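Each of the two complexes below includes subunit A, the first together with subunit B, the second together with subunit C.
Up next is the complex of A and B:
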């Protein structure tokens, strides 16, 4: 059972603000999500390895350099830039 | 009460791949900010990371060189935390299935520092705090790292320093990282606690973050050990916290408040498939591991007749060890090569990185030719030394500096003449010798050596002089 405290703790770690009005709704939503994910445990057969359910492995990339993006492109979406850097307000 | 130090290390090492761990941007150090970036390494939504095969190979080699077991099945996980150096708000790392586990590094006193694990992960971007703002450069973001986690087996600053040095040497030898602490390609977090000597229980530990110099690691550990002991002695309690070391004041201070307790909510990264490594692939990588520094050191002592210290000084640097082995190939006494390296050559390599890079003008083959000449008795040690200096200055072979007449040695007549001259020129030494002062003979021989510019055979000269004055 997900509690209000769980939701507030996760919100704090994610730097999200949740108002008192939202708290009940969010807690229920989180609980539903976890319960939904839990159904997989009920379906589990003995000996099924969930670590690699799709049997895919080793999708590797070779170690070959491809030119990077222009800096202007990279910085284009930033809220604030200065001297070729992303800029964020210093956190306390 | 007497206290002992208990310390463990988490060591981050940047791998020497050409490209980042999940994208094809270059890992080159020192470029303009944010010029080695793409949508993957700046964490834009909708991008798909793809694992660099070479990073996996290098990490496995690191494990093999430190006696780890290599996992046949491994996977990547997300470590969630919110900080501007991490544009996705999570770092892709490995949680419960690291590539390598249960290794060790052996110290010179025989003690094994156990390694819990070695895993791969991505480096974070670089933050520069100025004018009240944070400037972010993501060039380093996504550079492949291995994190080597040790057990709390370290009991002193000396052991800690040796442990870090050993790791550095091993990783450089196997060629997976340059381990330049000053450039940040090797960084250590030190976990440290204290306990009364004899106690088996672990005390509360603190973690000193991001140490990038072996000297500072030593100083920070000494300071933190003293701080914790003082705290306990005065009735206080050590608080578990993350510390920053200030090398100017030589003190540690708290980095984050307690309310930010770590909760990384690890889960498997669904973008990345399982890593599967076969035993055959592991054996192939094992075959690539060269003879390691401590193995070379042992061999230099037991098979080549070097003393421990010289063996250690040469084996420590891969390039110097290779130079020594080539220069002494087929030589009667490899110690001669070692002496030239530690004498003449080391004098020109002042810093550790000079020794690591080992840029000298002389090739190992050229040194070997000079030693062969010396061993054949055609030249004397002093001439060999001064010739080597000239070779190091110019990069030219010995034949540029040693003339035919030098090589001809000295015929008997010339030697006889010189010895006569020496006896005549040193009446006092002759008288002293006749009065029983053995040492005086040496100064007469010295005269001959000086006059002949080192070409005369000292033993032959001594015999001749004895004949004349005996």
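Up next is the complex of A and C:
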């Protein structure tokens, strides 16, 4: 059974606020989904170890040094920048 | 309808029956007329499109030969990065975000002058089955606009099905290419994991995500797949297509091909869908293929395994949205932590929050072994089950979705009910296999039914061959043009 407290604790880890209005609905949805997810624990088989898809290994290649993106370009999408850095202003 | 649109338009361009600028203009006009009904496009890019069209016309005037996709008007799902063109994943949190690089698939296509008409609608961060979790509202089904186009690549399917794009690229994490293709009566290919580069695809669940084409015919899907399935050094899981271009083997004889049907896929599906798939079996028998039924019990756990693992990966992938480097940021806050929490709470929609919470839950101490680890092990069982199945058959045939397109508004009211619609599509993503959805009939309301052909890894040629033969045999019986779009 997923409780309000569980949802709030998980929300804290996820960096999400759940408002009082959202809490009941989210708790019920989470409880339904977890119950549904629980069906895998009825599986008789333990399964087999799975570490990657299609038995792929990483496609390794030589590390080549190539120019990276321009700093100005990267900063273009930021809300607030200062002297070539991302900026988070302190607000009260 | 075995003759594809891509070759058709390409020939018109080469014989100067129409200029690329004229063709592009007719698509842009059709978008203007149809988009208020379809809501397929969330951003139209007329300047980019006309600029490319002009370059193609100049090339034609110089007498140069065109590449297969050159000058063909197309669209991209809004989670595929396009340099300097807003890419939002249809989420408020990425509002205003303009990538500084192109996804490799778009880099490849734009290098051969593909004409980008615009970016298309999708469920927020590709999380959904109806496109209704989009912050721009859902896309409509071109066969009946009171019904959804499906999801998450609903905008691409609506645009292609509604003739306001010749083809489009979508992404498929749990069925997001095949399901909307099925709902809109068109063709959608989810390639083998690793066949198409994911570089520049905004991540939902990285071990499942795969980019693929949505088109009106099998020939078109093969042409686009061949063009984008190159090895890419920017994606560490990229391998590229194995073997010859798939267009070379489309018309091969399928006499003696063993087509397997796992009985589990036929459980709980609507009668009309089952009937259409059974009719398809008859068509295949008449073409000389052999139909074999078998059991695939591991499929029983596919859906919870998918939701546990995909949400776990999503909760980690979506950790990057903090309001600092790009996208939306909340107005007022006391400190950094509050800024991040408020930004995420205001920027993400309800379904995305649900999946982040579920993912965080199954990864948290105390629950990791019972959910995440167990699901990973069952993923291993499912991979092995498919491997064994392909010892006894060449391709697998199954319904794409247990039903036809639902009415708008029904999908978002009950999350579990909506998740159940993905039951036939998720196994392919779990096992990294290729799957193509092709139209195979209509229900009593005139809504399209789709079936999927599933192949072993890197066997796109084989499933497209089987798909082409079916399409060629039934022709216009399964293809009905919508009233929308370009009629050239």
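Going forward, the second predicted complex is superposed on the first by the 71 of 92 C-alpha atoms of A that agree within 3 Å, B and C clash if a C-alpha of one lies under 4 Å from a C-alpha of the other, contacts with A are read in each partner's own complex, and residues count from 1 in each chain.
Heads up, the rule we're going with is that a residue touches a chain if its C-beta (ideal position, glycine included) is under 8 Å from a C-beta of that chain, and two chains touch if they have at least 3 such contacts.
Just so we're clear, the structure is a prediction, and the values are computed from it rather than from any experiment.
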Determine, under the contact definition given at the top, whether A:84 touches first (subunit B), second (subunit C), both, or neither. first
Based on the superposed arrangement, let me know which partner A:69 touches: subunit B (first), subunit C (second), both, or neither? both
Scan A:5 for contacts with subunit B and subunit C and give back first, second, both or neither. neither
Superposition-derived comparison: subunit B or subunit C, residues of subunit A touched: C
Classify the contacts of A:20 with the two partner chains as first (subunit B alone), second (subunit C alone), both, or neither. neither
So, A:33: does it touch subunit B (first), subunit C (second), both, or neither? second
First (subunit B), second (subunit C), both or neither: which does A:61 touch? both
Same subunit A residues contacting subunit B and subunit C, which ones? 10, 13-15, 52, 54, 56, 58-61, 69, 74, 77, 86, 88, 90-91
Of subunit C, residues touching subunit A in the complex: 96-98, 100-101, 192-194, 207, 231, 233, 235-239, 300-301, 304-305, 307-308, 315, 319, 322-327, 329, 332-337, 339-342, 344-345, 348, 350, 353-354, 356-358, 360-362, 364, 370-371, 374-381, 383-384, 415-416, 419, 431-432, 457
Write out the stretch or stretches of subunit B touching subunit A in their complex. 17-19, 22, 24-26, 32-39, 42, 44, 50-56, 73, 75, 80-82, 84, 89, 97, 128-129, 132-138, 263, 265, 268, 272-276
Hey, which residues of subunit A end up touching subunit C in the complex? 6-7, 10-11, 13-18, 22, 26, 29-30, 32-34, 36-41, 43, 45-50, 52-54, 56, 58-61, 69, 73-74, 76-80, 86, 88, 90-92
Given the complex with subunit B, which residues does subunit A contribute to the contact? 9-10, 13-15, 51-52, 54, 56-66, 68-69, 71, 74-75, 77, 82-91
